[in-house]
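Look for subunit A in each of the two complexes below; its partner is subunit B in the first and subunit C in the second.
And then the complex of A and B:
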């Protein structure tokens, strides 16, 4: 059975298979989890897909989603293990989970060398075997209240990854989560649900790598929730390299505790329609976050980066830098909201989005939004959009650098400011290589 | 008759539809240093950009022959590969690209176009360090982004370093003296003089005679109103210093 496209009520059709699927979804034995699913379904039923009148979604239309007939059964796909190393981002991760069309593949995954107190498992395994691991952190308040697609995910979430760190546990090596979309006769739809719970004084780096192994369409509706305990450091690096026909809508919700730090980097090159929404609650004094991102789009790709930083406690800091390169008729969106609550004094918040437009038809919509209700606050924001610097291009060419190479150098230089900020040194080179690959496709 | 390295014949060029060069003639032989002097707006910088092949500087008449072949239809990187070099009046800042990366791309870009093997990282590093040392440039300046945060003198020294590294056969120096104090001027001029040789020609474009005390030309030309209005030896520059450009401007307008 597939979801029919009914223009009047298209989004609600996404719930049609819920009753049939629910008994077989993981964690069915846990009442609280079953209730949470129902709440997700209810929240989505009430809201539906947000239209352009919803401020958060003003520049990104979900209409194409409601026109596609998705296969919600998450079709089984056989994937050859030999295909994987090429997919792994740059390096042999010793600890790696592989999800194929949203489902954990134990055969393709390798979990080794984790210290005591660290648990890495699939979401379905966790929901069935140790649901208590999920209970404290799953389904934060904004999921049901403000994020209809995350609510939809909550109803159907079937698999994903769960990383749990007890207090004081430090992961020396990054954990890589590889989420592969294979496409299918009918475009698959899946709702990965990921959870990172970092105890006090713990440290981890998680690379969430979404990649398409097909040229066809599919819809990944992803939710990642992160709870960073006191004094913990969580580095979350997300690479979105979905197929060029894919829909990728993701929400990353983060709760940052006292003196804890979230370091987020988002690199987006794939997808036909993609959105990466990050909500960070800086919940206690000393909490801080750094959100960096780079996006490269061409053709008719659309990429939306939306961030909402809630300075919910005094003495919290945020630093945000996104850089985008848009060619052909590609479009980009950057929405950055910073909220400083009335009692949140001594706040530092900085935000910048810069876009480089390589074609007359490429476009960027930048919307900074500062809502500041306290007075002892240092906040800044900025947005720029421009073309490649003609002078610099001529300078390089006059020194014998061929035009395509000169353009590539300038684009790389533009992105470097964002990429250089990645604390995880091992990620820089693969990202620089990904940029070079993207540019070589753009050589003209 | 021996073939000149550069022959500019009745060159007409426009910028934004406005004619700036109006029938310019100039010949430069191998190993010669020519100076072009002229008042503001006479077309000096236009000439340098036309020679380097910048977009927007359109040749509407005449020709530029380099070793007997027309340059006019070549893109800037092809001209560089043939051995033409322009030292910019205002060197461009390129944030995010280090000097070292810039130079390596330049040298290997030229070598590749010429069908020569590219230098690997180690070979290149050795090669550049020797050239940089001769110009009193530190490793730190090589690691910094191109011209970003450089003083006026450092920027001009950087131009000369690029020239030293690319070893052009024809170097056009566009107002290389502008913005330099006397000490910086000497360093830059020493760098230029070190590159003089029987096979390397130079076209030194300047507003002031001062630079020509340090880079002594074989021939001096006065550019006014888009044409060469007078040519002579280095004495012409001194004459100009005393009498100013007024009579040449009048002459060009007449």
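And then the complex of A and C:
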């Protein structure tokens, strides 16, 4: 590809180490992967960091990120096994991969009880051992087309996790991926690349848990790709609890096949600047997705939830519900787009975003969007923003509930609608506890 | 599939635009093209004060630095702004008719064809009409009665002669000349429009109305309307338009500014039925309009009601800036696009004052190959304590080749504000159609009936004179779209 002028200095800076790092990145000896990386670098070189003029990014400024200097060298993992239990979310999972600063730590990981036909490994391992598996599913064209940060990830992806399920394989237990950011003298920067390929009639639950083990800054630029085969069910539960200084930009791109189902839940409490973008393509009739999410922000945190649901085939359904609580000077963004393509008839698409503002300086920007090109559809969206209901508060106060507790009850009740939707019963309790912890002001 | 055959037949019949005719009247036109000279010509022609010319020139120079906006979901070939006339006035301009009898009979004929019974209006519904035929206001009735109350209702060129201080105070105060590409163009070359001033405490005794018509070929009409409601006053203003059939696209870039002071209210209603082009989108009007109202005073109110059925392309966002405490903004809209029409329309509600409230009801109907977008913004400023917004926008799709899109922006910076937004998109339910059909109602009538029901929340906000016309328009606009 021809050399293009870079849009700005920051983009150039982020791409600068590419030539030096490239030979050492996993799979450097396989041509197709090297080419994919080059394409990623080219795509990012052309687009650069999106500014506020880019419609998808109008409410989220990457200025704090692009102004920071990051250490792009191999970060050193500094995590002891004793620190692990405190970080684990919810119950003990028998099958867990631990990534420290984006790199798989075999010592801390435990992979047991996986049935035949199920493979769980690190991205670097997969690039070495089973490149065919990656080649099949990695890097859909959309990643490079209009997601500049995902393109950056494609250039630099070094590790992450890969879960592959052969046809008909059912995972009874959830798989937990714990991604720990430790910070460092100079804030580290890493690009985890994750892949879930679920064969026909398979079932899996993946908990992607991002947690910060420091108060310092770092930048996690995550891309997760999910391919749900025919009649498969993939449940993806993501908990974003990064450090309060961290940058977390994530893209989750999902391809849902015939009669398959994606169930996604995103819980965000951490990060200084975070964005979780989910793109779902309902590619064949009978495909179905459910996107739920909850975010709680305070201080000067900024959280962006952007989703695009593409009804690319007839008889596909989607259901979406996001709820946010914003305190102090926090700001929240919800952008949800439902696209119904021409001739995609018999569509059901419903979307709801509710935000609760707890302080005078908090703000929410919502942009629900419907793009409908077929007529036999039932699509709706709704968005609300407001404070706690005075009457509900008064009701509780009049019955002797102290104000702080009454507020907590109401906020918990508000979020429960989203959290209750989690099919994974084992996750509900820890999430509810996390909400309670957040309400009591503990930053974790 | 008898229905389909019927549809095809009806679509074929639709080729003729009901109001498509052209009156041959000699025009006095500015030279073709746009330059500072054109701006000076227009200003001189209207004998405008020096400051007005300077303002126009500032706008023109700013316009040269601007680019055509491309964010709207509409597609059209680039407009050649040099290939158009910017001023056209009926020949009889120099000696204006003093009464109806003096009006060019051909004009009266035109109005008759349009269905405006100008002569009978004294007996009808108390409507005073400031009829704009192309660029210059030709006749104003009921002036005397309005004058007695101190109401000023005249063309903006006339107001520039008689009340220059009022025009100077308010023009560009709601839509500054730098606002957007088409508003800036309008500021430079606006031809004429209405000026209304309602003095303190006066309730305007009748609905004020302007009937617009684009007539001369290739004459973009740049209408500018300014309505000011002083403390405690009320006015209801009606605007409606039809245009003759023609092949070349015509640009219509209007600016409407409304200002309400303490306790004042303006109700602004529009029925827009410009020529929409043929079934393939050939011809038709480009309607790029900037409409904005400022609720400056406490307890003031601005209400927009629009029925948009015409134009090849509509690009229009009547907005309210709610500055005064307790002020109210309303937007009721029905937009119908058929065949190859495109519409990108919606509203902006900017809440700045305390306890401000706004209500948005938008009903979009898309048929044929039409594309329609609702684009709206609700912004709650940090000081808008107790602000309240309710938005409902529903889209109805008729046919599988059309598109309906909803793009609301909701920005809240105040905890105590409550913002609610709801939107749905669906087609006419088969059950409802079947119910009507099995009771012997024809498919076409059934659709008109159901669509009228769908739009009811909006149509009922129109003044009586318009409500009847609008209901018929809804039916006519959708003719041939049932399938």
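Keep in mind that, in the parts below, the second predicted complex is superposed on the first by the 432 of 444 C-alpha atoms of A that agree within 3 Å, B and C clash if a C-alpha of one lies under 4 Å from a C-alpha of the other, contacts with A are read in each partner's own complex, and residues count from 1 in each chain.
Here is the rule we use: contacts are C-beta pairs under 8 Å (C-beta built on N, C-alpha and C of every residue); 3 or more make two chains touch, one makes a residue touch a chain.
Values in this document were obtained by computation on a predicted structure and should not be read as measured data.
In the superposed model, A:395 lies in contact with subunit B only, and not with subunit C.
Set against each other, subunit B and subunit C differ in how many residues of subunit A they touch, and the higher count belongs to C.
Contact with subunit B, but none with subunit C, is seen for A:414 once the two complexes are overlaid on the shared chain. Judged by the touch definition given at the top, the superposed model places A:343 against subunit C, while subunit B stays out of reach.
With both structures placed on the common chain, the touch criterion links A:364 to subunit C but leaves subunit B unconnected. Once chain A of one complex is fitted onto chain A of the other, the partner contacts of A:403 are limited to subunit B, with no touch recorded for subunit C. With both structures placed on the common chain, the touch criterion links A:382 to subunit C but leaves subunit B unconnected. Subunit C contributes residues 71, 380, 382, 395, 397-427 to its touches with subunit A in the complex.
Across the interface of their complex, subunit B is touched by residues 389-392, 394-403, 405-406, 409-410, 412-414, 416-417 of subunit A.
Those residues of subunit B lying in contact with subunit A across their complex are 52-55, 75-77, 79-81, 85-86, 88, 91-97, 101-102, 105-107, 109-110, 113, 145, 162, 166.
Note for the complex: subunit A touches subunit C at residues 55, 342-343, 345, 355, 357-387.
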